[in-house]
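Here's a structure for you.
Order of writing sets the labels: A, B and C. Residues in every chain begin at 1.
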Amino acid sequence: MSLAIRNLNKSFGGIMASSDVNLDIEENETHAIVGPNGSGKTTLIAQLSGIIVPDSGTIHFNGVDITRAPSHRHAHIGLARSFQITSVIMPMTLVENVMMAAQSVSGHSFRFWRPISLERDLRERAMQYLEDVGLKDVSGSEARAVSHGQRRQLEIAMALALNPRLLLLDEPMAGMGKRESGRIVELLAGLKGKMTMVLVEHDMDAVFALADTASVLVDGSIIATGPAAEVRANPEVQRAYLGDLHA
Amino acid sequence: MDWQLLISQLLNGLQLGMLLFLLAAGLTLIFGIMDFINLSHGSFYMIGAFVCATLVERTGSLIASVVIAVVIVFGVGLLVERFVARKLYAHDHLDQVLVTFGLILIFDTLAHLIWGAAGMTIPLPAWLNGQIDIAGVIIPGYRVLIISAGLAVVVGLFFLVTRSRLGMLIRAGASNRTMVTALGVNIDRLYLVVFALGAALAGFAGMLIAPITEASIGMGNEIIIVAFVVVIVGGIGSIKGAFVSAILIGFIDTLGRSYLDDLLSLFLATRYAETAAPALSAMTIYILMASVLAFRPQGLFPPASSMR
Amino acid sequence: MKPSAPRRVSWGVYGTLFLFLLAAPPVLVWADQPFYMDLLTRVLILSIAASSLNLILGYGGMISLGHAAFVGLGAYSVAIPSYYGIYSGYLHLGIAIAACVLFALVTGAICLRTRGVYFIMITLAFAQMLYFTFVSLEEYGADDGLLIYQRSEFSGLLNLENPGVLYYLAMGVLAGCLGLMNRLIHSRFGRVIVGIRHNEPRMQSLGYNTYRYKLACYAISGAMAGISGFLLGNFTYFISPEMMDWTRSGELIFMVVLGGTGVLLAPVAGTAVFLLLEEILSAFTVYWHLLFGGFLIAIVLFGRGGLHGLVEKLERRNHSR
């Protein structure tokens, strides 16, 4: 078992953003979380990545309780995420952004003397990830100078550079052009089976092309979970969510 | 135990608490609502004292002078908001720190130009200069006036904040700025009024203290730091927090200064106690601040929604 | 628009400044101008303090309004041992660094948990705490401060009583600090600090315990400011709590911003211009603070990027012609 979530609850004032969420995700499985806007998907990801502390319940990752672990611990035990609202280091170049991630998981950073420019391997690894997400040509541009879609791609490269065993992706394709999102789907398809992935996504075609299993979140509760095809066919799901979307 | 001393120290603590509250009330609202750090808030304290001293000199009436001076400081607050502070809300905190630091230099020098390098005293009318004797404990009348005036403002402010439309906007603004904008309120005017109100309160505090200490250049620059501590301990944006922590800090500071050496000499040789006590009492309120922050990083009364 | 070309020209400006500072003492001694010699020494010493502030403020984005406390601690580390007849410079320097690192770690541990306005006010409050502590220490002169009758001794190695020696020592220390900072900024540690400044939550989710990095940076900066205080105490033969007053910290911030935040050498220029302006304006009128305050406000509202930004803009204009 890669991820085990038990009785998770989180409320904001009166809003139940997570309501008794139970979920198990197997090692190397790709799990999709779908649900209407405001249903609590991002809040769930935030709890898994240590940014929000749940009101009650537990989260275990590979048997380790990470419910209250600070967010900086996660990267080091193999848990990385991308943000729905792009969060990169704007005045740094794309390659510097990815290097920042690679640096984090290759030894400590209380090194004060040796210039980072001498650490060739960091740069090479960063360039590799940039190439994977299709950003090689703009690797020297500052993050604030590239397009929104390209920053979305950068998000993914940074998450990958942490070399995770569990990758949390919060709407990775949102805001990308058709060609880029196609490329990312391809990239993720290539990663499938090599690491556990939790994918929050509105693009149903992408979701069901990638996911092994899926859960549907409505008002903070999981109303259905199981193999992707079954979840898709579930009438309650069709009514509560998929129906609305395609209406 | 010397009861006379204890009671008079308690009153001193209360008095300091009131002054701190008057300073901190405006500061905390300006922080909370405008997210604006105003180092020059202490200048209003000084301006209040000088303007009032001048008016007393001219008119001879303390009450009338205070009323007019409060209006004048309110006006100065309006001007500072309109022509300086407003330009800075969108800037980062560093810019706000620098500009308001520049304002201090300007206000201090202007005071020097207008009122001269020496301070100004405010003579008390005879009816305030007396002593009140309550069951054998003698209390200076003016102390009682400061405390009652402070309390009156506290009560007035609480009514303003909890009962009026302006107060509703202030409370909403301190906890959630976007909501106030969404309500379609004229934000510029709200900020203007809050800023000037804060200035007037600080000015009033300066007027209250001037008869005891005299009005002098830079008089606000030290007490304002303590007012910052009050704001941090109380929780940014919270009037209630400012009040509770102002009184708390007023007491702790005053009592620390007068009783810490006795307390220490229980543990230490008198010689050491006498050296350590003043240093330690200078630190007490900061130690209090540090301990509050260790357990409640947002202060004692954080504003309802802690989005910021 | 490539920034690299103008930046290289700016090195020319700073190089000239360096040569000027290097050549100044013999010329000033020959011309018998001890006043200017003193002024330049002060520029060098305070440049160290301003540069150390630049490390946390310019690179790390931590707006400390209590930096003068470290300078004061450094100077008291000379004054207090001397008061007991201990003149060893090594010891003074050691105490200065140790005291500043300790103060930085203890206060930093608390204030770095907070951010924004809280951070500014708490650094301010802790510095003020130190100020009042020294004010209340009767033994060490309280308000009036302590005289330092004799400069720190570096047995046989350096004679600080000679103004030229002190000058070149200050210059060497400044160069050393700047060199160290330059390495630091381009190291792993420095990248993390800059990353935190721009997006702390992201750095956390990348796996950095940002608190520890900031605390380490704060302590390094504090130690550097302490060394500057050590030199300042020696230079002025005097220290009083006034040196720790929060308005002093405000002035340090002004020096950094005047030069240009986050640019290695800019605070040196900022300090030089600040002290020069102070000399000129204060000779001109007792009300010079009025002009000074106005200047400060103008810099913030109209002169973003400080002197460094200004030079860069001018050079860029020349280039495009």
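Just so we're on the same page, contacts are C-beta pairs under 8 Å (C-beta built on N, C-alpha and C of every residue); 3 or more make two chains touch, one makes a residue touch a chain.
This one's a predicted model, so the numbers in the text were calculated from it and none came from an experiment.
Chain pair with the larger contact count among B-C and A-C is B-C, by C-beta pairs in contact. In terms of Cα centroid distance from the overall Cα mean, chain C ranks first. Put simply, the C-alpha centre of chain A and that of chain B have 49 angstrom between them.
Mean C-alpha position of chain B lies 31 Å from that of chain C. For this pair, chain A with chain C, the centres built from the Cα atoms lie 43 Å apart. Among the residues of chain C, none is in touch with two or more other chains. In chain A, no residue reaches two or more other chains under the touch definition.
On chain C, the positions that touch chain B within their shared complex are 57, 63, 65, 110, 113-114, 116-118, 120-122, 124-126, 128-129, 132-133, 135-139, 246-247, 250, 253-254, 257, 261, 286-290, 292-297, 299-301. The touching residues of chain C, counted against chain A in their complex, run 183-184, 186-192, 194-195, 198-199, 201-210, 213, 216. The residues of chain A lying in touch with chain C in their complex are 49-51, 70-76, 81, 83, 87-92, 96, 99-101, 103-105, 109-117, 119, 158, 162. Within the complex formed with chain C, the residues of chain B that make contact are 31, 35, 37, 39, 84, 87, 91, 93-95, 97-99, 101-106, 108-110, 112-113, 221, 225, 228-229, 231-232, 236, 275, 278-279, 281-283, 286, 289-290, 293-294, 297, 308.
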